[in-house]
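What follows is a short report on a single structure.
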Amino acid sequence: MLLDAVDLSFAYHRGARVLDGVSLSVPRRSVVGLIGPNGSGKTTLVRVLNGTLTPSRGRVLLDNTPVTAMSRRDLARRIAVVPQETHVTFDFTALEIVLMGRYPHLGAFALEGPDDASIARKALAATGTAALEARQFATLSGGEKQRVVIASALAQSSDILLLDEPTTALDIGFQFEIASLLSALNRERGTTMVVSTHDLNFAAMLCTELVLLKAGRVLAAGATKDVLTAANIRRLYDVDADVTFHPRAGHLTVVPLARTD
Amino acid sequence: MAAVPREIVRVRGPKRAALLLILLLPAAVGAQAHRIISIIPSTTEMLFAMGAGDRVIAVGTYDRYPPEALKLPRVGALVDPNVEQILQMRPDLVVVYGTQTELKRRLERANIPYYSYAHQGLADIFSTIRSLGMRAGVASAGDALASRLERELAGILARVANRPRPKTLLVFGREPGSLRNINASGGTGFLHDMLETAGGSDVLADIHRQSVNMTTEMVLARMPEVIIEMAYTAESINKADLDAWNRLSAVPAVKNHRVVLLIGEEFVVPGPRVATATARMAAALHPEVFK
Amino acid sequence: MHGRTDVRRRLVATLAGFGALAVLVCLLAPLVGSTSIHLSRVFDRSIPFADNIDAQVFFIARLPRVFAAAIVGAGLALSGVVFQALLRNPLAAPDTLGVSAGATLGAMLALTAHADFTLLGISVVPLTSFAGAVGALVIVFALSLARRRGTSSTVLLLGGIAIAALLNAAGRFIQYLSDVTDTFRTVQWLMGSLDVGSYAPILASLVPFGLACIGFVTLPRVLDLISLGEEAAEARGVDVVRTERLALVSASLSTGAAVSLGGPVLFVGLIVPHIVRLIVGADHRLVLPASALFGASFLIVCDLIARTIVAPVEMPVGIITAIIGGPFFLWLLFRGK
C-alpha cells in the first residue's frame, strides 16, 4: 500500500467530529474515489491525507512512514494536491503557475533551471495545455485553468495526486475532458490518485476503487463494481437509483429515480 | 449715529416720529452694549483694555488675558462655538470671526447684533479697536487706546529709523527638536508688520502669505542675519531646543549667535499688547538702542 | 518563448535596470533644487564646512532628503508588495492593517502634548511615531495568533482594517481636542516631510528597515505561492503560518520605519508594486527587489518635484505622490482586464 489512513478522527476547534475512525488504503497505481454527500467529511479527509490538518486520533502512513514525521517539503515531493478552485491574485502566466509546482524540490532560494523548465513543459503537454504556456492564467477558461492546475501538480513529480472535487465547477464538456485526462495519466504515468467527488458517474468512469463516506465514517470500501450498488447509494444519499453498466461508455452509470426519505 | 435719510424730512407728525425711532433704534441700541460675548482672544483683550471688561459676560475657550477673563464662562471658539449657550445668555453683542457664517446666521435669526472680526495687518488692529469701541459704547476709550498704541509703535519706529535693518526670519513654530516643518511669517499679516516696525527686514517679504512652510534649503538660501523664534508659553519650547539651529552654521544668524527666543502670548494675539510685543522684538533686533 | 522561464536572466536584467535608475536618481537629485549651488564649492576643502553655504545646502538640506526619500520609498513599496501578496488583494497598502495609523497616533500625541526630548540625535516625533507603529504591530500580531492555524487572510484583513479604523479615530479625536495651532502641526505632519536635516534619524530608521529586509530576503518565492491561496501554498510545501507571521512583522517594521521617518506618504506603497508588475511580471523574486529600487527612485523624484515646482516655496511631498498616484489608481481600476 502506498498511502494508508489508520483510524482517523478529526474535529475542527471545538466543533463536532468531522471524521470518526476513518481507515482506508490506497494501492499503488490505483485511482481511489471518495464519495459522499455534502458534509460527509470528504474535503477534510483530503486535507488530513496530505498532512495539512493533523488528526486528533489516528495516523496517515506514506509507504509506512507517518506523514507527521516528514517535513512539509518532503511531503510535497511525494503528495500533490489539486484543489477545487484556484483563484490567482496576480497576473501569472500558465507556465509560471506550473513552475510553482517545482517549489518542493527547489526551496525558497534556488532558481528554476532547464530541467525544471522541461518538467514543467512536459506537464503542460500531458494536460494538453502546452499552447497556453504564455497566456495569463486569469484569462483561461474553466477547463483550461483546471488542466493547468493539474499540470502544476504534475510538475511536483509526486507519487500521489490528491484531487478535491476537481470537476464540480466545470460543465459537462470539461468534466469529460478532465476525467479522460486523469485516466490517461493513470494509465501512462502510473500516477496514484485519490479523487473526492460528488459526481457518481465521474467516479464510476475514473476510479478503480471507491470509499463511501457518510457523516465522517466509512460506509463501504472496495472495488468500484462491488461498492457502487443501488443499496449503498440508498444508504448514502437516501435516493433510489438505477445502477447499470453502460456498454458504450464502458463503465457503470447511476441514474437517480426517487428520494426514499 | 446713522445719517438720517432726506425722505424723513418730508414726512410729518407721528409718522415722522415713528420712522425716526425705527431708524435710530438700532443705532441707539448698538451704541450701548452691556452684555457682550467675545470668543476671540484679541477682541476680548481689546474690550478689557478699553474699560468695557465689566460688560463682557462670556469669552472664548482660548481667551487667557487679562486674568479677569479667566473667571468668565467659556462658550467655545472658532471651530466649536456653543451656539445654544450663547443664545441662552441673551447677549446684546457677540464678537465673531468673519468666517463663522453658521453662527452669524443663527444670531441674525435670534435678532442678536454681532461684530464680524477679521485679522490681517497691524493697521487693522487699530481700526478694529475703534469700531469695536463704538459698537460697545466706549467709543472714546477705544479711540484713546488705539491712539496710545499708534503713538507707542510710532515711537519704536522712530528709535530704529536710522539703524541698519537686519534680514530677519520670524519663526512661530516647528517640529520639536528638529528643523522640520518650520512655520515662518511671510510677507503679509500683523507679524510681518510688527517686524518691519521693530526695525527688521523680513527675509520672506516677497512671499505674500501670512504663513510659510520653510525647509532647511530655504533657510540657507535666504541667509537671515537674525532668527527670532516665538513661543507662546514656556512649556512649548525650551532654550535647549534652539540648539537645533546650530547645524545650519553657515547661516549668519547662527554664526553670530543671533538666534533669539521670545516667549509670550502677545506674539500670537493681535491685540492691545502688540506694542509690548513690538518693543520686545525691537529690543532683540537692536539691543544697543533698547538697553 | 524559452526566455520566459529564464528567471535568472530576467532577475539580472531587472536588478541592473532598476538599479541603474536608482543610482542615476540618487546622483542627480542632490544637484537639483530651488537654490543654485556650485559643485566645485561644495567639495572645496579649503572652505571650512561651518562657513560653506553650498556645502551645507548639499550635505544638510539635500542629501539627507535624498536618503530619507530612498528609505521611505523603498520601505513603503516593499511593505506594499508584501501586504498585497499576504492579503491576496492587489488593493492592499501599507496602511491597510493599521501600522501607519499607529505611527500617526504616536506622532499626534507628541505634537499635542508638546513633548520635547531628543534621544541619540533623534527628535521626539519620529520616536513616538515609531513606538506607535510597534504598538499597532503588536496588536495586529496578537490578532494573527488568536487563530490557531495561522491566519485566514480574510480575518487578518478585516481585523487589520478594524484596528486601523480605531487608531485613526483615536488620532482624529486627539486632533479635535487640541487647539488650532497643534491641529495645524498635525496636519502638516500628515502631509509628509522628508526634510530631516540630519543623518541621525536616517541611521536610526535603518535599524528596523534592515531587520525588515532580512525578513524580505526569504520571502519572494513563498509570496508567489501564498498568493495562490493558503491551501495551495501548504500543499506545495510552504510553512504558511510561519511565513505569514514573518511577512506581517517584516512589512510592519518596514512601514513603521518609513512613516516615523517621513510621515504617511500616500500611494507609494499602493502604486509602486503595480507599476513594477506591469514592467517585470508577477514573479515576486523580481517584483520585490524591483519595487524597493523603483520605490526609492519614485519618491526621490517626487520630492524633487515638490521642492522645485513652486519655488521659492515648497509643496508637501504627499501632495505630489497623491497627484500622480490618484489618477494612476483610477486608470488601474478602469483599464479592464
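The first chain written gets the first letter, and so on, giving A, B and C; residue counts start at 1 in each chain.
Just so it is clear, contacts are C-beta pairs under 8 Å (C-beta built on N, C-alpha and C of every residue); 3 or more make two chains touch, one makes a residue touch a chain.
Note that the coordinates shown come from a computational prediction; the quantities given were computed from them, not determined experimentally.
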{"item": "Central subunit by CA centre of mass proxy", "value": "C"}
{"item": "Remotest chain, chain B as reference, centres from CA atoms", "value": "A"}
{"item": "Whole-Å gap separating chain A and chain B, where each centre is the average of the chain's CA atoms", "value": "80"}
{"item": "Euclidean distance of C-alpha centroids - chain A vs chain C, Å", "value": "43"}
{"item": "Whole-Å gap between the CA centroids of chain B and chain C", "value": "42"}
{"item": "Contact set on chain A toward chain C in their complex", "value": "13, 47, 50, 52, 71-77, 79-81, 83, 86-93, 95-97, 99-101, 103-104, 106-109, 111-112, 116-117, 120, 133-134, 138-139, 156"}
{"item": "Sites on chain C touched by chain B in the complex", "value": "33-35, 49-53, 55-57, 60-62, 110-111, 114-118, 123-125, 179-181, 184-185, 188-189, 193, 195-198, 201, 307, 312-314, 316"}
{"item": "Chain A partner contacts - residues on chain C that touch it in the complex", "value": "1-2, 4-5, 7-8, 11, 84-85, 88-90, 148, 218-222, 224-225, 227-229, 231-232, 234-239, 277, 281-283, 285, 337"}
{"item": "Complex contact set, residues of chain B against chain C", "value": "62, 77-79, 173, 175-181, 183, 206-207, 209, 212-213, 215-218, 220-221, 223, 232, 235-238, 241, 244, 247-250, 255, 268"}
